[in-house]
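The two complexes that follow have chain A in common; it is paired with chain B in the first and with chain C in the second.
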Partner chain A sequence: MTVVAVVRRTLLVLGLPVVLFALWWFATADSTDFYFPPLATILESFGKVWTGERLLSDVVPSLLRLTAGYLLAVVVGVGLGLVVGMRRTVRDYLEPVLELFRAIPPPVLVPVIMLFAGIGDTMKVLVIVSGCMWPILLNTVEGVRAVDEVLSDTCRSYGITGTARLRHLVLRGASPQIVTGMRQALSIGIILMVISEMFAASNGLGFTIVQFQRSFAIPEMWSGVLLLGVLGFLLSLLFRFAENRAMAWYHGLRRAQRNP
Partner chain B sequence: MLDVQDLQKIYTGRHRNVEALRNLTFHIAEGELVCLVGPSGCGKTTLLKCMAGLLAPTRGEVRLDGRPVDGPPPGMAVVFQEYGRSLFAWMNVRDNVALPLRRKKLGKARERELVDHALEVVGLADAHQAYPWQLSGGMQQRVAIARAVAYEPKVLLMDEPFAAVDAQTRAELEDLIRRLWRELGVTVLFVTHDIDEAVYLGQRTIILSKSPTVVQEDLTIDLPDERDQLHTRSSTRFAELRAHVYEQIQRAKHHSGDTEAHTEAHTAAEDRIPEPALQKIEP
Partner chain C sequence: MTSPGITPVMEKTAGTDTGPGGPGGAPARRGPVPVALLRGLAGVAGLVAVLEVLPHTGLVSADYLPPASETVRALWQMLAEQTFWTALGDTLTGWGLGLAIAVVAGVVAGVIIGSVPVLRAVTASTIEFLRPIPSVALIPVAVLLYGTDLRSKLLLVVYASFWQVLVQVLAGMQDVDPVADDTARSYLLGTRGRVRHVMWPTALPYVMTGVRLAATVALILTITAELVIGAPGLGREIAVAQVSGAVPQVYALVLVTGLLGVAVNLLARAVERRALHWHQSVRVEVTA
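And then the complex of A and B:
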């Protein structure tokens, strides 16, 4: 990339956020509205609230629960997806049920899960798993079903069977769809992390934001919302980075197919 | 070596059954290079899949070294037409060639040696690290051939491997197959729909009828063993054989296991098809 290209790209990426931020800044600059404090006030409280001990007592626990729930959902979703995708009979039986479960909005499961898992970390992790696993599961099933027949025959004729087949053919072949499911699951996971903490918790981002709102600490509340936005953005950047590395072959293949 | 005995394949569908192969019997001796040619849609791929143990026949059997083939047998490698779909897009060329060897547990050194050698003989010595999709179609098919070579098979089945590459590459790859066959002493069955290819490549050409398929003719290609694209293809004998195979294919379009069963009813129609080359060739 040339210098010009880098500058252009940076401008493209940062352009709209900067404009929106500026709009927010100037629109609220002289605000005396209690509920919509000036952005300057919000940023000031952002520095105060989220850099000290709250980082350890609220942000880190939230992120740990998100990580645990998300990773568990990946394991369960991919594992189940492989079984369902590879066994036609299993698929025929399970697919309608899976679609039904998927259609249930995960937040309504929070009270249900609270009944048997309590209000601790287990409940929050389970809520995240219960929402994140569906897109991963269903995309994995699709990916496994779409594994190329010729490649499958090739594996068979070379005696690549069992775990070797699973590892080198099925998982890798389905990986583009699995990654798509994981990307959808990430944003669901962030939402559920916050929601589960709003219901019942003693720490965490969702809990803190609700606390601020209830104690009318409005700039602090807004700063929490801002932090969530930034976190979501950073996580999706991280995801993109990891995806670009792991799926380089797929992007290359797609480019090659577009310009033969 | 490779025996096909009374092979029949009927695909059973929900509303109708399709008989792809009626009754096929032929034999391929060890070290032979045999081409299989027939009109399009004559069940060539079905036959090849049955022989590779990828598809169970309805009746009859395939034997490799006397043992019935009931699954992909070790010692057999298959090269498919769709090179773009038979290579692992997520592995580089080297790993694509090496993967089937892992199961053989030959040890790292031997494995490396086989992969290096296989890529060398197909002319891809400097493409180890490339991904298949970074290569041209012809080069991708070379990778698939290298993978088969490294596997050290006794039998190599090829299903129209050059149908999707351009004519110049195709000529090069045909010569590559001839060379590999002579150097490795492997038995090759080469399925094609290209008449020139069927005559140029093999020692024998088995001509199939249209579906439901029977063997229409088993033709010995009595061209000299040393072949090259220029002289072999311009020889009179090549032209004669080519014309003969061409006529047989034209006949095959009207001939199938069904017509064979009712030859009486069809003699009039068949008589109208002239067969001058047939008379010329047969001693």
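And then the complex of A and C:
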């Protein structure tokens, strides 16, 4: 019984991906189309291109810039979000301005930030910060606004103020929203990491892939596209893992509320 | 699979507007004009003032950050030029077309997958794998296949927005109240009837959230395609202005894209409100 269940589950999870993969493999197996090389060729060049020194010279710098920009955006976004969310007057003054900044499509900031910061690492990190910050900031504001009033009153009755209140009531109450913002910010961060490198760079994933495309190294280019895809998938997996750990209390609470 | 912050269920709380830091229930309106609106305008005016003064103080070089007045002048001049309007039209075409394709495809696929449990189980892992793939990964492919054509813009826009809609539709179809579903079964409604009368109304708020998110994502990807690939539109104008050192024009165009983003947000919210006028979340907001 349990063996059957496990097999069934495995089939469900792996079935379609395997079929699609096989489809791609066989459909392109004898492909002579210049733009769509056989999957075997792509995978072969994947091994060649991304395991050697490119890993250190291109993949690692990209990921480091993403990490730095993303973490900075979290700190700035949550910090500002707390200030704006807790003070109604501040919020009134800043809301339209923040909405405008949020609405600017983040990639257009690349040329603007290039004016200030050149084309080095600083520019790329700043681009990532300036794009990732807004969803985190605005979600923090929303989260702080929506903190349970009864809890808020209880805190006041017990004389819980200052840092303790911030940590145990405001931050915790807003954390589901903050996490949502962080999830949105992560996908924006990946986009900006790639774009900032495509625009102007001397190393990095985006740069390398565009170089391949410009020099018509098609299998290498496809391998880069694959790598970006896998990277996006792994990062979202990592995020979900971290979220499940940090927000276990919240998910449990929601489940309990849903099926009393 | 669903994220709590973007489901419509959570958005209801946004309507109750008492800042936890304040004394609670401060009057939002005083006299005929809402105080919040005045403060918002003051905030915008403050931003403009800072942008105007900052370059004059020498803290920031005017070469990098032209005074606000200069940006506005550049914008004014642009408005008189035909190229600007052509670029705006190109951007809007890519955005609208891409969004429309993505929404139709996402809703159709979502309803089919969501109403057949086997399909949902089989496709779940594939969707979870394909969704986080950043659409910018497709930029080189798009350039190779379509060059700076409208189609390469559409490829990016549709890929990015499709998942937003699909995932929300699936979440919505899953959220169906079991009692309502059982009732429909008792009344001998077939699969089609249940999809039409039970699942779709339940899913609609989610669909609308998906459309709203997709509208924003579509704009981002449209402009990205223009900026990076060089497809005609506002994004390419920005790249051209930047390369030729026309800094005020860069800022003016960035401002235009921001205003476009605000307009897209407002439009999406209006559509959402209209489509969900019967839904509790909207009715509560109206009476409040």
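To be clear about the criterion, the second predicted complex is superposed on the first by the 244 of 260 C-alpha atoms of A that agree within 3 Å, B and C clash if a C-alpha of one lies under 4 Å from a C-alpha of the other, contacts with A are read in each partner's own complex, and residues count from 1 in each chain.
Assume contacts are C-beta pairs under 8 Å (C-beta built on N, C-alpha and C of every residue); 3 or more make two chains touch, one makes a residue touch a chain.
Since the structure is predicted, the reported quantities are computational estimates derived from the model, not experimental observations.
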Which superposed partner A:Val125 touches (first chain B, second chain C, both, neither): neither
First, second, both or neither for A:Ile160, with chain B first and chain C second: first
Touching partner for A:Arg172 - first (chain B), second (chain C), both, neither: first
First (chain B), second (chain C), both or neither touched by A:Gly252: first
First, second, both or neither for A:Thr180, with chain B first and chain C second: second
Partner chain in contact with A:Leu16 - chain B first, chain C second, else both or neither: second
Which of chain B and chain C A:Val150 touches, first, second, both or neither: first
Common interface positions of chain A, toward chain B and toward chain C: 149, 169
For the chain C and chain A complex, residues of the former touching the latter: 3-6, 10, 13-14, 16-22, 24, 26, 35-36, 39-44, 46-47, 63-65, 121-126, 129, 131-141, 143-145, 219-220, 223-224, 227-228, 235, 238-239, 241-242, 247, 250-251, 253-254, 257-262, 264-265
Chain B - residues contacting chain A, complex: 49, 52-54, 72, 74, 76-78, 80, 82, 85-91, 99-100, 102-103, 131, 133-134, 147, 151
Residue ranges of chain A touching chain B (in the complex, touch as defined): 148-151, 153-154, 156-160, 164, 168-169, 172-173, 175, 249-250, 252-253, 256-257
Of chain A, residues touching chain C in the complex: 12-17, 20, 35, 85-89, 91-97, 99-112, 114-116, 139, 142-147, 149, 152, 169-170, 176-177, 179-181, 183, 187, 190-191, 194-195, 198-199, 206, 209-210, 212-213, 218, 221-222, 224-225, 228-229, 232-233, 235-236, 254
